[in-house]
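Next up: the structures, one after another.
Presented sequentially are two complexes of chain A, the first with chain B as partner and the second with chain C.
Take a look at the complex of A and B:
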């Protein structure tokens, strides 16, 4: 029993980071599932993170902190969507990356909100039950979305935009909604990240986290909501796992593992299509 | 005969080359109208103009009386146009039934929020649409494959599923873009019979078709285009005998129309 609690003490923070990364990965996934690769979740996260941090510093209750952070993310996402939805997918990816770079400059200079170079210390740690509760709610929402008309429309849109349009799907509207959801989830994730780290600076929401959220989504699979959640868990746990297995080659092993998954499972760990294909192949042979 | 679709001097050019020029024709309500023309005649451009994937440079297109030449595809879809594609464009990863359910998107009658919350009304509506989708699969003879991934079906079967998907939208006009390409004569004939059954229930159909036999057997009237221009219209057999049509299809030398049986 003691061993178990030791283990928990060691991996508690890994689990917490996996959950926050899952939020970011889901935020990236929802836009990707409407046909756009975008790094703008970083920006939604930064907005939610700094707004949330300020509210915690000013002693507001946690529920308010998360709700307002989500709304702040939503606000930014609507502006980003209004500007970026004119672009094609590849240009969108580049433009959103540029936006991440710009955000850092803005964060550095908006010192009253962000503390500038010094960043912000947050006088409160994130209770793990809150984080769990938020992730469970988010996952439930994604489950409901997956089985809603939004889910159906975005699956068609992603595979074939012209077919979706001729079916009566308003592409812009679906993409706007996707960005809105991405903004809310990214904003809440940003506030959670701020409280988890208890310190945020311009470097918290920068290229590192952009890479993490894309890698987690691609690794887990971007065709089902469970993909990003699993991807975030695996991607977050991977460094400690690899350190355990091959201590001296940890970083190399990390990279090799990711490469292997991308080569052999290009659609990610969770791929509903592959599962159905396997099932129908089995059905035919029996 | 009232018109379900009316093109009036519709034109479209790509970089100075006119793909469709001043094309006018009418498709009658409750009839099967064929759109014919040799390869490169601009048939696909016409279909894309009607469905809104391309926008006319000039001229007008009216669907059921409403002007659609400047409308977006999803608005035209909402007005009651549904289509299939020359090269079958089903959605990868969805079962046959899911394809047809997705096709009924314009008939969902459910707001985004209600659908997200899965309210009782939203669930009832979804169940009704699923039942309807099943029924449509039965009509095209694909009920046995409802739960099968559509991409694992044969080409001919995929075409049927695609037609069922278009019917899911309860269209006022169904556009079939070469519905029998790659099918054997028997399968083609079944598609022809299906268009007649649908027509007899009141559906209007515009069919782009290469297969002369199918056009003669199943179209109530045809429009023939070449180089983006209208060259003939009327009853299928009359059109095929028209010297201009013969020239478009077979070149200058005239072939006796009675010899056409060999082509079908």
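Take a look at the complex of A and C:
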């Protein structure tokens, strides 16, 4: 029993980070599932993170902190969607990458909100039950969305926009909704990240986290809502595991692992199409 | 006035590095459609390899440059064949290639950190031409002139290669449609490897020169080059080498002048805002042609 609680003490923070990364991965996934590769979740996260941090510093209750952070993320995502949705998907990815670069410079210079180079210290740790509750709610929402009108429309849109348009899917509407959801989830995730780290700086929300969320999403599978959650868990647990096995080559091992997944399981760990194929193959053979 | 002129030279040589790196980056992006996050590592590894050659063998500077370029070309071909070829064989999209390139970025960057012992190294002073060519009217270090000349030579050479030679048409044909290129007798796998090697060598040259000019040989060298080179590619129009070269130089000069006369903290903001404006208003860049894809 003691061993178990030791284990929990060691890996408690890994679990917490996996949950926050799952929020970011879901935020990336919802836009990706509407056919856009976008790094803008980082921007939503930064907005939510710094707004949330300021509110915690000023002593507001947690419920309000998360709601307002989500709304801040939503606000940014609507602006981003209005400006970026004119671009086609290739340019969209590049433009959102440029936005991430700009965000860092803005954060560095908006010292009153963000603390500039020094960053912000947050005088409160995130209670794990709050984080779990938020993630469960988000996952339930994604489960409902997957089977809703929006989920079906966005999957059609991703496979072939022209066909989707012919079937009467309002492309703009679906894309805006996707960005809106991404903004809310990203904003809340940003606030959670801020409280988990208890310190945020311009480098918290930069390229590293952008690549982490994309990698987690693709690793888990970007065709099903459970993919990003699983991907985030694996991708977060991996470094601590690798640290155990090959301490000095941790990053190299992570990279090799990601590479192997991409080469051998390009559609990710959770792939609804492969599951359906397997099921129908079994049905035929018996 | 002298400050202005010497800053202009600084901007020109810095911009030449951005332009050079951008040409290598854009070559793969324009022909093979891969947004390669690992491209910056080629530059870091070129600088590291060149440094090793300079320290161990004491060769003349041109050979050191070639050693760096060769190392980067080898790394680029390995990355392409190990990471991108399996995806290509399966007909996967750009997203897959981007993720694999991120994986290679992690691997190569941390290995580079190992190789330099997590510090920033610099070339031994006798290994490169460190003298001033001019002191009046403006100080002109030989290395700055070499960087600018390198950009001019590579830009013209690559442009001619891509537009006027059989190899260039083969590269463009494979980029457009590998199957129809193969039908007209182009060995597409060979051409793809050649493109990767060429792109690696050009980015490697930028890395080697950058390592000498900024006295910084570490994994951060490639990262800085990559972000600015990416901006140069987009602003200049990724389908045209000339555009990338000019945009790189313009960005370098702007960066130095914004830092000198405006505010050092807004240096990067200016570059990236320009990048964003171009993406939104003129995504095909200064010199790019519109691309036509199926609706």
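Here is the rule we go by: the second predicted complex is superposed on the first by the 282 of 286 C-alpha atoms of A that agree within 3 Å, B and C clash if a C-alpha of one lies under 4 Å from a C-alpha of the other, contacts with A are read in each partner's own complex, and residues count from 1 in each chain.
Everything that follows uses one rule, which is that a contact is a pair of C-beta atoms (placed from the backbone, for glycine too) under 8 Å apart; a residue touches a chain by one contact, two chains touch by 3 or more.
Since the structure is predicted, the reported quantities are computational estimates derived from the model, not experimental observations.
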| item | value |
| --- | --- |
| Contacts of A:254 with chain B and chain C, given as first, second, both or neither | second |
| Which of chain B and chain C A:162 touches, first, second, both or neither | both |
| Partner chain in contact with A:106 - chain B first, chain C second, else both or neither | second |
| First (chain B), second (chain C), both or neither touched by A:149 | first |
| Chain C versus chain B, contacts on chain A by residue | C |
| Chain A residues contacted in one complex by chain B, in the other by chain C | 162 |
| For the chain C and chain A complex, residues of the former touching the latter | 35, 37, 82-83, 86-87, 90, 92, 94-96, 98-100, 102-107, 109-111, 114, 227, 230-231, 234, 265-266, 268-269, 272-273, 275-276, 279-280, 283, 293, 295 |
| Chain B residues touching chain A - in the complex, by the definition given at the top | 51-53, 72-74, 76-78, 81-83, 85, 89, 91-95, 98, 101-103, 105-106, 108, 110, 112, 115-118, 148-149, 152, 169 |
| Contact footprint of chain C on chain A as seen in their complex | 37, 83-84, 86-88, 90-91, 93-95, 97-99, 101-102, 105-106, 108-109, 162, 211, 214-215, 218, 248-252, 254-256, 258-259, 262-263, 266 |
| Parts of chain A lying in touch with chain B, wherever the complex brings them together | 141, 144-145, 147-150, 152-153, 155-156, 159-160, 162-163, 165-171, 177, 223, 272-273, 276-277, 280 |
